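Working notes, beginning with the structure itself.
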Amino acid sequence: MGDDTTLLLVLDLIGTFAFGLNGALTAVRAAQLDLVGVVTLGMITAIGGGIIRDLLLGDVPPATFSDWRYLAVAAAGGLIAFLLSQRLDRLAGPIVVLDAVGLSLFAVTGASKALGFGLGVPQAIILGTITAVGGGTLRDVLVRQIPSVLHSGFYAVPALIGATLIVAAIGLGVEGLVATLGAAAVCFAVRMLGLRLGFRAPRPPPGKGAR
Amino acid sequence: MGDDTTLLLVLDLIGTFAFGLNGALTAVRAAQLDLVGVVTLGMITAIGGGIIRDLLLGDVPPATFSDWRYLAVAAAGGLIAFLLSQRLDRLAGPIVVLDAVGLSLFAVTGASKALGFGLGVPQAIILGTITAVGGGTLRDVLVRQIPSVLHSGFYAVPALIGATLIVAAIGLGVEGLVATLGAAAVCFAVRMLGLRLGFRAPRPPPGKGAR
Amino acid sequence: MGDDTTLLLVLDLIGTFAFGLNGALTAVRAAQLDLVGVVTLGMITAIGGGIIRDLLLGDVPPATFSDWRYLAVAAAGGLIAFLLSQRLDRLAGPIVVLDAVGLSLFAVTGASKALGFGLGVPQAIILGTITAVGGGTLRDVLVRQIPSVLHSGFYAVPALIGATLIVAAIGLGVEGLVATLGAAAVCFAVRMLGLRLGFRAPRPPPGKGAR
């Protein structure tokens, strides 16, 4: 149990750092934000999903607030993105990878935590997905973009797959590092493949988008 | 008590389905969203108001998460809207009616639940209204529109009336199906009349809107 | 303790009134909202920060809902702004001052409340800042503006300073009226000075904003 908790914490912190970097870079690119805005948006992206998860689970104050390591890691990601924004601008590839890392880890850790709080299977899967896409959704709303989760089908689907796999694994009694990293790896692979091959979810019949 | 709980649940589920349909159609119309986006926006519209209500009441995990029926009904509404988006596009009238149904039911069930949690009269009325308009407000923010509740006075006012009526009825000892459906019916009638007759709330003195 | 609680309440209510006025005026100016929209946006601006604070602390129903005085004061601010919108339009100066008053008071009362709930020092500082900027951020998102906290560095920084000072004071055993008003006064002074002198937070290297 202690090991599992430590594992979830470490993976959560890695995901937090990846999203902090990603959110801050979004701030540098998409909106003319200053240092405070860049770090703030990085932190919201990094810890927003976990805060929504913990509010819905009733685990308050959220882990982010009772455990300073989340705040430190999220702020570090934001600060590094600001300082290196010139280099990061050329690193679009690694940034997308980091976003997929955060997505994968949060989907899996979010679903695991939800099961641990006694939620049912469909609820745990959905809460894992919310954890994964929540921070990025707050980020997009704050810089006035339509959230990725709404217009880019293959953002939510890999998270759903990852959350489903970990819930299935735990249901089968397969817990710990192997199950967690395995589910996260599948989520990551689906996300990266989807991006590379341009997977798209079905769209409404043509002509319906007009208004 | 058991009957009242069942009644609130059934009315809540009907409202959830109506809002799921409505939110998904909004996604099809207002933004070019794919299947995942359409169903996601339908679900957020359908269960967003109830989630905000339960977070404010401290009833977590929200009913939506501990009871899979909300998730199923919300997803079904979203999916049906996607599948039938060609036909639904011509059904603008029924859609507005469904939205008014959801608004009316959520205003009344939200205020009832708030009273049951020990909130005072003004708080219960406001929380009922928040339940009614919350999902639609999240929907509008996510597709970057000014929320209906802000620019269309006769969206919030019927909800306030419905919530006030049920709180008054419960205060007078009139509970159960008659009071609940009566308050919801008045809310529904005011909303539909307001739409048909173009009721508008007072506006600031002219010239003040300019900037 | 009773006195401190009363003090926090009174300062909170003054901040709530100031933000109610400010949010409603924003509604009159920035978007063509009607009476319901103006009062709603005023109330959300006024009590939004405190609601976010209480949700994160797990103090539900939020003080705003269990204590009608917050609702009354917030609504009064919104209503007054609507009624006097012609005069208020010329009172841009006082409005900015009221916003700074709300920011200062909420930063200090939010951080104090967080300490009282057992949060650590960095968490209390951040939660005070969230309380201070939360309502205005909801306001900006709802009328589709990039939130002040993201693009105007000297909105969050004074709040951080005020929250840090009260946390330091309480840590040193200096509590009550003097510490609270002192920390709020410094926050207020930094905010007003920043506005007058055009303080800006550092920006990313030029050319990085392009996309």
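Which chain is which? They are A, B and C, in the order written, and residues in each are numbered from 1.
Note that in this section contacts are C-beta pairs under 8 Å (C-beta built on N, C-alpha and C of every residue); 3 or more make two chains touch, one makes a residue touch a chain.
Computed from a predicted structure; not experimentally measured.
Visitor: Looking at which chains touch, is this a line, ring, star, complete or other?
Guide: complete
Visitor: List the interface residue numbers of subunit A and of subunit C, divide the shared ones by all numbers used, and answer same when the ratio is over half, different when under half.
Guide: Different-residue interface.
Visitor: Provide the C-alpha centroid distance between subunit A and subunit C, rounded to the nearest whole angstrom.
Guide: Here subunit A and subunit C have centroids separated by 29 Å.
Visitor: Can you tell me which residues of subunit C touch two or more of the remaining chains?
Guide: Within subunit C, residues 55, 58, 141, 144 contact more than one other chain.
Visitor: Mind listing the subunit B positions that touch subunit A in their complex?
Guide: Its residues touching subunit A are 27-38, 40-41, 51, 55, 58, 60-62, 65-66, 68, 71, 82, 85-86, 89, 141-144.
Visitor: In the complex formed with subunit C, which residues of subunit B make contact?
Guide: Subunit B reaches subunit C through residues 55-58, 117, 119-120, 122-123, 126-127, 137, 141, 144, 146-147, 149-153, 156-157, 200-205, 208-209, 211.
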